[in-house]
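There are two complexes below, and they share chain A, which is joined by chain B in the first and by chain C in the second.
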Partner chain A sequence: MTRLVLIRFALAVPILLGVSVAAFALMRLLPGDFAQAAAGSANVSTEMLEKVRRDLGLDQPIWVQYLAWLGDALRGDFGTSFVTRRPVTSEIGGRLGVTFELTALAALMAMVMGGLTGLASARFRGHTDWIVRLWNGLMLAIPNFVVGTLIVLLAGLYFPQIRIFYFVPFTEDPLGSIGSLLLPAFALSLAVSVTVSENTRAAVLEVASQDFVMVARAKGLRPRTVLRNYLVRNALTPVITVTGLQIAQLLGGSILIETIFAIPGMGQYLFDSITSRDYPVIQAIVLTTAAVVVLVNVLVDIAYIRADARVEG
Partner chain B sequence: MSDTDFVTDDDAPLPQRRKAANGDRWMVGLGLAMLALMLILTLLGPLIAPYDPSMTSPNSLAPASAQHWLGTDSIGRDILSRLIIGGRTTLLITVVAVCLALAAGLVLGLTAGYIGGAVDQVIMRVLDVIFAFPVFLLAIAVVAALGPTVPNLILTIAIVYTPILARVVRAPVLSVKSWDHVEAARSVGVSEFRLVTRHILPLAISPILVQVSLTLANTIFTVTALSFLGLGPPPPDPNWGGMLAEARQFMELAPLTVIAPAGAIVFATLTFIVLANGLREMLDVAGKR
Partner chain C sequence: MSDPFLKVRGLTAAFTTRGRDVQVLNGLDFDMAAGEAIGIVGESGSGKSVTARALMQLAPEGSSIRLGGSVTFQGQDLLQYSERQMQTLRGSQIAMVFQDPMTSLNPTMTVGAQIDDMLRRHKGLSARPARDRTVELLERVGIHNARRRADDHPHQFSGGMRQRVMIAMAISCDPALLIADEPTTALDVTVQAQILRLLLQLREDLGMALMLITHDFGVIAGMVERVMVMYRGDIVETGPVERIFDAPEHLYTRALLAAVPRLDAPEAKP
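This part shows the complex of A and B:
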């Protein structure tokens, strides 16, 4: 078991290295002069550009630059923002928590909604099944930024008493903070809930056809007991796994949702940084997000091994 | 809560299954019909659009009327015309990008799956790196780096969706290549290229078709979402995501300015999802995992 866990982590290392190369190359090889962007404007003197270039180490060979950048990044130093001239790490720090809260809330909602609809469609089949699948198809077709925009529109038209554009930091008021993120998290969770729902349905149907469930029913356990103790329990593992694997989609979607609902998270910051061409910030956000996705996938993998005795390394 | 028992797949009588298959063929038909409608509207765009999409008029934020079926936007441009013309750009980017991604995915997936060994490892590990990024984050970063022009958008989306297509191509090739008919063909001297394209690929085509359809739906999302953030095709060309973003300021005054592009985006995505689901069930591709 321990060996297996170590192997999974070891396999993630080359991917993380590749991710860092991509994040670095993306911003350093782009058309236009990195030093010019760093200096902040197009019309700076040649001496000034030379100085910036020396300070940032841009006169070194590209692989030396990469190693230096990676070394700093590993120590938690992502350089200085071109716009605010403050360390990128401190700028991102607080926002990371906001995005984490939003995605965690959305993941939870997706699990509950997807789990319930998936269970219902497997349990009742027939009409319920059709309605759930129709709903799922529709929800899959409505992109999260459209859901977000429509929520804002509906609230503005019919429910002016609902406050939309406000955010309460978690540290100030945990409950109020969750309340302020409910609508954005809902918009973010819909598409993911479809994946969860479809997988729950498949998992419940698969478990229901197993012999031990037949035995349980044959020995006269009440259907409700069978449902709770046998079906839901065994179907829970794939559901959690699937939700974990959707982390990339949630993080990608949070960029749009945070922009729409004016939530001061990483996604909104990324959007602002792209507008202002703040390359160190873009690099840092791209790298941390990809790293989080890789690590969550490894954790999901390990959780799956732990939970399911049938999976062998 | 009723206490009906679970109906498992084993219990389903055969006729019911055949009925389900017919229903799914109907779904593919529906998907194709929606696709045809969309293609006709966009291909004939300039001919059927009632107005010039960039023509402004003092009649701004007008509700739906006989002159403007879907009303006008904040500077008096006809929304229906902008939807039709905007669909051209969105669909052009989507279709060309997915074709490129499919071509790259076929080449990489077939090579990796058929040759195997070290080549397979190298190709798949490099694709794993791209796979590690959230698609939308990667798309934003690449477009931001290259600049939002139509060719760059196409290139970006092709890069972003190549890994998933390569994976879907590779998996069935791995098993099909060791089947007897391939061995038989090889023994009579069929060339490697012909072996892969004629004897292996046709047997691996079902999951590829389904994935292409899903990728088209995802691409509509990515293109419109990028445009929504202002990283879409540059103005003055209208595009659905951009229209939605522009309309947000005035949406309470003229809800149609938001609902119309939202409806277009949903319709386009739904088309490809219906098609993918129909194909999946008709071709009996396992949809799980």
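This part shows the complex of A and C:
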């Protein structure tokens, strides 16, 4: 088990290096750079632009810039923002935390809602199955920013007593913070929860037809023991796979949801940074997000081992 | 106590699939004495497995089975039992060994835990005494290092060993009747003999009744006293095993006996 986790972490190194190269190069492939973006439509002399570039080190060959940045990044220093002139770490630190809180909350909601509706759909069949599958189909078809906008709109119209646009930082009041993110997390989790739901339903139906479930009933075990130890435990593995893949999607989806609900996460900030070509900020955000996705995948692998003894550690 | 151990009268079974009823048992009548061993023989689809499932009232997942007639087991009509009462009876009074040991065990639980949960359910044992009894049972069915092996998962056992685990599980709560539904069909011939010997031994030691279901006449010879031959949901012939072998009355029984491959048959000679 420890060995497998170590191997997974070791594999993360080349992945993250690749991500860093891509993030670095792709940004510089975009037309224009920070100097031009900052100048905007104002008439600035070429000398001025050159001076700004020289100050920021943008006149160096790209691989020199990359190695210098990588060296600093390995020591935990992601440079200074071109725009604010403040260290990137302190600029994005708090914002990333908010985004991860929102994503984690949405992931948890998606797992609980998806798992329960999928299980109910497979066990009760009939009308429950119909309703769940109709809902799943509908929610799969509607992008989550539309759902988010609808929630804001409908809540504003019919439940004006509910506060929507407010945010409490986690460090100030953890419970209040989670409370302030419930609606956006719900909007974010819907698309993922229906995927989890459909997969749970399929997995439970598949497991229910296995011989060992019949054996468990022939043993005279109580229905809830059969459900917990025989059905759900065996249906977990495929559901874990799908959930792990979906969490990466949540991180992407959170950018739009943050914009809709005016949450001070990295979504809006990333968008602004791309517009102003603030390279250090973009690179730091891309790399941290990639690191989180890799981490989630390692966690998924650990979950496999816990759920199924046949996966050797 | 005029009632026999098991008295089945007019047992019918019908499956409902897509709104249509399919009758699979057409009113069976048979008795079993306590501790008796009987064999049920017939081809696929003759209703022998459904008979076993009907006694246990176990329908395959997602389908429903409608039973009629009466099944009087130790003086109680099981068809009048509620599902909850049946749950208490399954495993403790009537236990079952299934055909395919490769798929009959839960792959995500240790084999020990799968016997423990039954002991805890029916015998009310707590974790430690349940495990002690499980180890005892595993040793009894011929699994070495039982204490350590109990913590292994099913995929770490061979097919024959898994069937031994299934048998240990079935006898764990001292059932009065053990139903073995094609217990050796999925195993190779040498292992078949070992498993049959084990079943015979356990039946002698524990004095439980045995219902051996098979399509193979070779399996029941020497295992049971009485044979019932089933064909298309009916019992077509019943009698002592020697009589059925020596002088089968029903045409179908003769056909079935003729289907047993023989070493001395002319075609087999080189």
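Definition applied: the second predicted complex is superposed on the first by the 265 of 313 C-alpha atoms of A that agree within 3 Å, B and C clash if a C-alpha of one lies under 4 Å from a C-alpha of the other, contacts with A are read in each partner's own complex, and residues count from 1 in each chain.
Assume contacts are C-beta pairs under 8 Å (C-beta built on N, C-alpha and C of every residue); 3 or more make two chains touch, one makes a residue touch a chain.
Everything numeric here is computed off the predicted structure, so don't read it as measured data.
**Student:** Would you check which partner chain A:225 touches, where first means chain B only, second means chain C only, and both and neither mean what they say?
**Tutor:** second
**Student:** State whether A:256 touches chain B only (first), chain C only (second), both chains, or neither.
**Tutor:** Once the two structures are laid over each other on A, A:256 reaches chain B alone.
**Student:** Considering only touches as defined above, state whether A:233 meets chain B (first), chain C (second), both or neither.
**Tutor:** second
**Student:** Of the partners chain B and chain C, which touch A:81 in the superposed model: first, second, both, neither?
**Tutor:** In the superposed model, A:81 contacts neither chain B nor chain C.
**Student:** Which partner does A:215 contact after superposing on A: first (chain B), second (chain C), both, neither?
**Tutor:** After superposition on chain A, A:215 lies in contact with chain C alone.
**Student:** Quick check on the superposed pair: does A:156 touch chain B, chain C, both, or neither? Answer first, second, both or neither.
**Tutor:** Touch partner of A:156: chain B, not chain C.
**Student:** Mind working out whether A:294 is in touch with chain B, chain C, both or neither, as first, second, both or neither?
**Tutor:** Touch status of A:294: first partner only.
**Student:** In the three-chain superposition, say which chain, chain B or chain C, touches more residues of chain A.
**Tutor:** Chain A has more residues touched by B than by the other partner.
**Student:** Please work out whether A:27 is in contact with chain B alone, chain C alone, both, or neither, and reply first, second, both or neither.
**Tutor:** A:27 sits against chain B, while chain C stays out of touch.
**Student:** Where on chain A do the contacts from chain B and from chain C line up?
**Tutor:** The answer is residues 125, 208-209, 217, 222-223 of chain A.
**Student:** Under the touch definition given earlier, write down the residues of chain C that touch chain A in their complex.
**Tutor:** Checking each residue of chain C against chain A gives 56, 58, 60-62, 87-92, 95-96, 98, 100, 103-110, 117-118, 121-122, 153, 155, 166, 169.
**Student:** Using the touch definition up top, name the residues of chain B that touch chain A in the complex.
**Tutor:** Contacts found on chain B: 1-10, 125-126, 128-130, 132-138, 140-142, 144-147, 217, 221, 224-225, 228-231, 241, 244, 248, 251-252, 255, 258-259, 262, 265-266, 269-270, 273-274, 277, 287-288.
**Student:** For chain A, which residues are in contact with chain C within the complex?
**Tutor:** Those residues of chain A that touch chain C are 125, 208-223, 225, 229-230, 233-234, 307-310.
**Student:** For a test of understanding, state which residues of chain A touch chain B in their complex under the given definition.
**Tutor:** These residues of chain A touch chain B: 14-16, 18-19, 21-23, 26-27, 30-31, 122-125, 137-138, 140-143, 145-146, 149-150, 152-153, 156-157, 198-199, 202, 204-205, 208-209, 217, 222-224, 231, 248-249, 251-253, 255-256, 259-260, 270-271, 274-275, 282, 286, 289-290, 293-294.
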